[in-house]
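The following pair of complexes shares a single chain, chain A, combined with chain B in the former and chain C in the latter.
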Partner chain A sequence: MHSADRLARLFLLPLFLFVAAFFLLPMVRLVGVAGSGPNGMAEYVAILTNPRHFATLVATLALSAAVTAATLAIGTVVALFLARNRFWGRPLLVSCLTLPLAFPGVVVGFMVILLAGRQGLLSSLSMGLGMGRWVFAYSMAGLFAGYVYFSLPRVLVTLMAAVEKLDPALEEAARSLGAGRFEVLRDVTLPGIAPALMASGAIAFATAMGAFGTAFTLATRIDVLAMTIYTEFTLNANFATAAALSIALGLITWAVLALSRNLAGGGVAAAG
Partner chain B sequence: MTAPTGAAISIAGCGKTYPDGTRALSPVDLEVKAGETLVLLGPSGCGKTTLLRLIAGLETPDAGGRIAFDGADVTALPIEKRNVGMVFQSYALFPNMSVIDNVAYGLRVRGVATAARRAQAASVLTMMRIEALAERRIDQLSGGQRQRVALARALAVRPRVLLLDEPLTALDAALREHLRSEIDALLRRLAITAVYVTHDQAEALALGDRIVVMKNGAIAQVGTPREVYFRPADDYVAGFVGITNRLEGIVRNGRFETAAGILPVAAPDRAKAHLLFRPEAVRLVSPAEATLVFQVAQVEFQGPRQRVTLNAGDGARIIAEAPADLDLAAGAAIGLALDANRYTLA
Partner chain C sequence: MKTHRLTFAFQLFVTLLAAAFLMVPAGASILAGFTANYFRGVSSGLTLDWVKQVLALYSDTIWLSIGIALGTLAATLVLAVPAAWALVRRPSRLARIVEEVVTLPVAVPGLALALALILAYGAIREFRMSPAFILTGHVLYTLPFMLRAVMAVLAAVDIRSLEEGAASLGASPLQRFFHVVLPNAKGGILAGALMVVTLSIGEFNLTWMLHTPLTKTLPVGLADSYASMRLEIASAYTLVFFVMIVPLLLALQLFGRTTGSAR
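Presenting the complex of A and B:
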């Protein structure tokens, strides 16, 4: 073996130690903890057969799917508009749209409460109009709003880059062949940015699955997986269930990311 | 298919100014005959692509401009309503569709049933001799194949006008020449009206029924390839198409007088004039028979012919082509004969 190779391996050692300390060991420990309860390794089955946990799992998946769909829909429209129109104040608008990147989940939750909480903007507005009190901050709807707000910048930045990379001649060619706006969107634009849609959708999904700060700020009774794990772990000291739920959360999110990576051909990484 | 299948295009007062104030095209008037191949030739930024995009309907002309196909005003129609075929420098093939789906796309958006449109697309592929590529993905094609597919896609909808925007620029030289003659044969066979944008003079001369030479957003000359080549309207056109010789002088009493001698011309007196002609437009003769006499500066033997550099008395140099068997030696005097239809006096 070359001495240069040996040196290279030596330099890789810190990486191995890092992976072992912060990834392998905790994962193995987590799997072990999940099996240490009264149910043993059957704990994994137990979380699926426990109606409350199962409902939480389904609700979290549904919320994340809805957040992903909404974020992609809004993101696509805004990205198409921003990538194709040049107007005064556009750079400022783009940088404002990426502002939520800087906020932790707790701030996003706080903003949702300011908007749709009991003393929030929507509440005063609807009261003033005599339409009753609109409050949805402390529910799944509030969480949905918060997560969309939180994920939009990431999705938007990715989609804008993808739209700008599309050859404008592609759409012009489709139009020359008689395609209208809808057909151009369906047959050319969306297929053209499909990899970016898969990639940014996966990020939005993973963020919604695992985010905790926003849910914790809004209400302690929202049944999403991250909250349930927190409750089982800190309040009930039910380590085995918390660990099993964590593993389930991790596996599902990982599977979705892996799936979209396969479909999109790389470039997907979890964030948030 | 010998009768013209394309529309005549009439362009009247069409200019284009962009919102930021840049004038890409000064108002131009231009008629394209049905079935004709018109080449828009010029360097980048001369307005040729803008003019093409106006004809296509991808841009709208400034107020007052009017574009008509076969007499019907299409100025307000967007490209999707104009029934034009378009071929781009970047090919612009849909990467999410196979070759045949690309070619059938225009028929698909017109609502032609799957079987019928595939059959029609297949016949266009056969015409282009690329039927073997039908099921390929776009990323499995070479540049030349891609541009053939793009042509097939544009032709599949039987457009009234075929618009080509530098279709060969992205290809390497050998393939460019090959595909150029293929396109030429195709356009003649289909007798379709075609507008072809290029910055390559060889392409323009080979393909065009007529050439529009453009400069700074305006038309510098419109003419057949021979007219543009042999009788360029001005220095700019002459310099852009081929090698041009230039002799300075004056016109007096029906004679162009220059350092190398005189040439009888049919032109009014002028204190400052220049004579423009091509290297191959001249005949080298014995000095005794000629009114223009030069000194041979350099002889370059090229096989079928020789290229000769000649000195005029005032330091001007011209380039002439001579038959390979003409005996020429550097330093010798040589006469130059120039027929009246082979030069431009400007």
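Presenting the complex of A and C:
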């Protein structure tokens, strides 16, 4: 098997060189640039010490947590419904719910504009009903809608697979032992799909933290971390701050994904 | 188990609402792309003018995106498929570390990745100005998907015993790779390829930072049109994007159902 080992090493070499040259080296450079600004090493913790950046961090974390909670709640209801019921049109419904899986953030932003923008559907609907004009696309609420739109299909795919693997006999046993509907849900069903909830929740959270396309389409006025990094880099040419903030952002998303992978026990394929 | 009627009604309501939330804006965008004046509604007439204008204005972005997607696919095939075999055939600490490092770019936001690339290589003008700069970013971002898809299939078919069989018949390692490993990995390669092309065509986070005025991809053009064009043109452009991406997504769905584990 010696020659096979040599071939394997030869096969790994291009991958290693590519990742070293275009990922590891640039990351080292990023860390270097972050520490080379007028504030020196202090820039690394600017996200915590600079009140404006800290406020942005808190807002981004809160938004991501809200998106995760909402997506998981909707996703669980829909996944349980679709996995437990067979009816005419179900495959079509599943397709509709999972098709936007790979819509990029910019397109999702445009969907929010069409839904809740100045010429949006909700705007004309609320006008028609005489309830004033609903326009929330260009605010934190629009961003929230966009991230839920972005993450819902992914979460659904994972949750539906998990619900289908769940043994219905467990729930029946709990019922026959006298547990109520809510108790079965709380004590049997939800713990059963907990790893899937954890995994898809982590991806939804990480995506909402780092996504840039949706925020970019909706407005430059929304203070989330990704927009701050972008403005610092392109408009203010403040490379050190942009680098330091993106390191902080990268550490947060990486930690969330790694944590969920350890808790949920492998098999978590992260998606950008 | 019979579902309670009220529970059923509630679940159905949430499901339909979610489907409407996802599909209605997409439908509105398709309709707007064909409507003469969206503000006045469909009564203003249907037209193909907006689509024609988009093709006249933005066809270079469409071709560039297709080119970069195919280039990304070629690069990920060459880099990831042989490596996936090497990693699966002898699971070790080193193999774990390599897999972990290659997968890292997915966990790091595209913005950070793009900044790092610009800071490291932005000074090399020929590279910075060429589509190869975007290509590099896309390869970095999609590599893990190809690697994982192929590794999952190779692990599922127990490639090691198949290879041992071929080896006992006197096949050299290279022969085994081409005649045993590749045919068995076909499903994973196809699933990975669909994923890579879909992701590359839609990639924006990295691309927006890496592009130059002469290297605009489709999503970059989309962002431009959302910011500066009338709604009908932006919608028609989105429509063109849907025409490109939806067949890929449908293929991914179909394929995911038959192979299951490859995702």
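Definition applied: the second predicted complex is superposed on the first by the 268 of 272 C-alpha atoms of A that agree within 3 Å, B and C clash if a C-alpha of one lies under 4 Å from a C-alpha of the other, contacts with A are read in each partner's own complex, and residues count from 1 in each chain.
To be clear about the criterion, contacts are C-beta pairs under 8 Å (C-beta built on N, C-alpha and C of every residue); 3 or more make two chains touch, one makes a residue touch a chain.
Worth saying up front: this structure is predicted, and the values here are computed from it rather than measured.
Once the two complexes are overlaid on the shared chain, A:Phe11 sits against chain C while remaining clear of chain B. When the two complexes are overlaid on their common chain A, residue A:Arg175 makes contact with chain B and with chain C alike.
In the superposed pair of complexes, A:Asp167 makes contact with chain B only, with no contact to chain C.
When the two complexes are overlaid on their common chain A, residue A:Trp134 makes contact with neither chain B nor chain C. Partner contacting the larger number of chain A residues, of chain B and chain C: C.
Using the contact criterion defined above for the overlaid structures, shared-chain residue A:Phe81 touches chain C, although it does not reach chain B. Within chain A, the residues touching chain B in one complex and chain C in the other are 172, 175.
Within the complex, the chain A residues that touch chain B are 167, 169-170, 172-180, 183, 187-188, 191-192, 194. Chain B meets chain A in the complex at residues 56, 58, 78-80, 83-86, 88-90, 92-97, 105-106, 109-110, 150, 153-154, 157, 163.
Of all residues in chain A, those touching chain C in their complex are 1, 3-9, 11-12, 14-16, 18-19, 22-27, 29-30, 33, 74, 77-78, 80-82, 84-85, 93, 95-107, 109-115, 119, 121, 148-149, 152-153, 157, 168, 171-172, 175, 181, 206, 209-213, 216-217, 226, 229-230, 233, 239, 242-243, 246-247, 249-250, 253-254, 257-258, 269-272.
Contact residues on chain C toward chain A in their complex (touch as defined above): 1, 3-4, 7-8, 10-12, 14-15, 18-19, 21-26, 28-29, 32, 38-39, 78-80, 82-83, 85-87, 89-90, 98, 101-113, 115-117, 119-121, 136, 139-141, 143, 145, 148, 163, 167, 172-174, 176-177, 198-199, 202-205, 208-209, 219, 222-223, 226-227, 231, 234-235, 238, 241, 245-246, 248-250, 252-253, 263.
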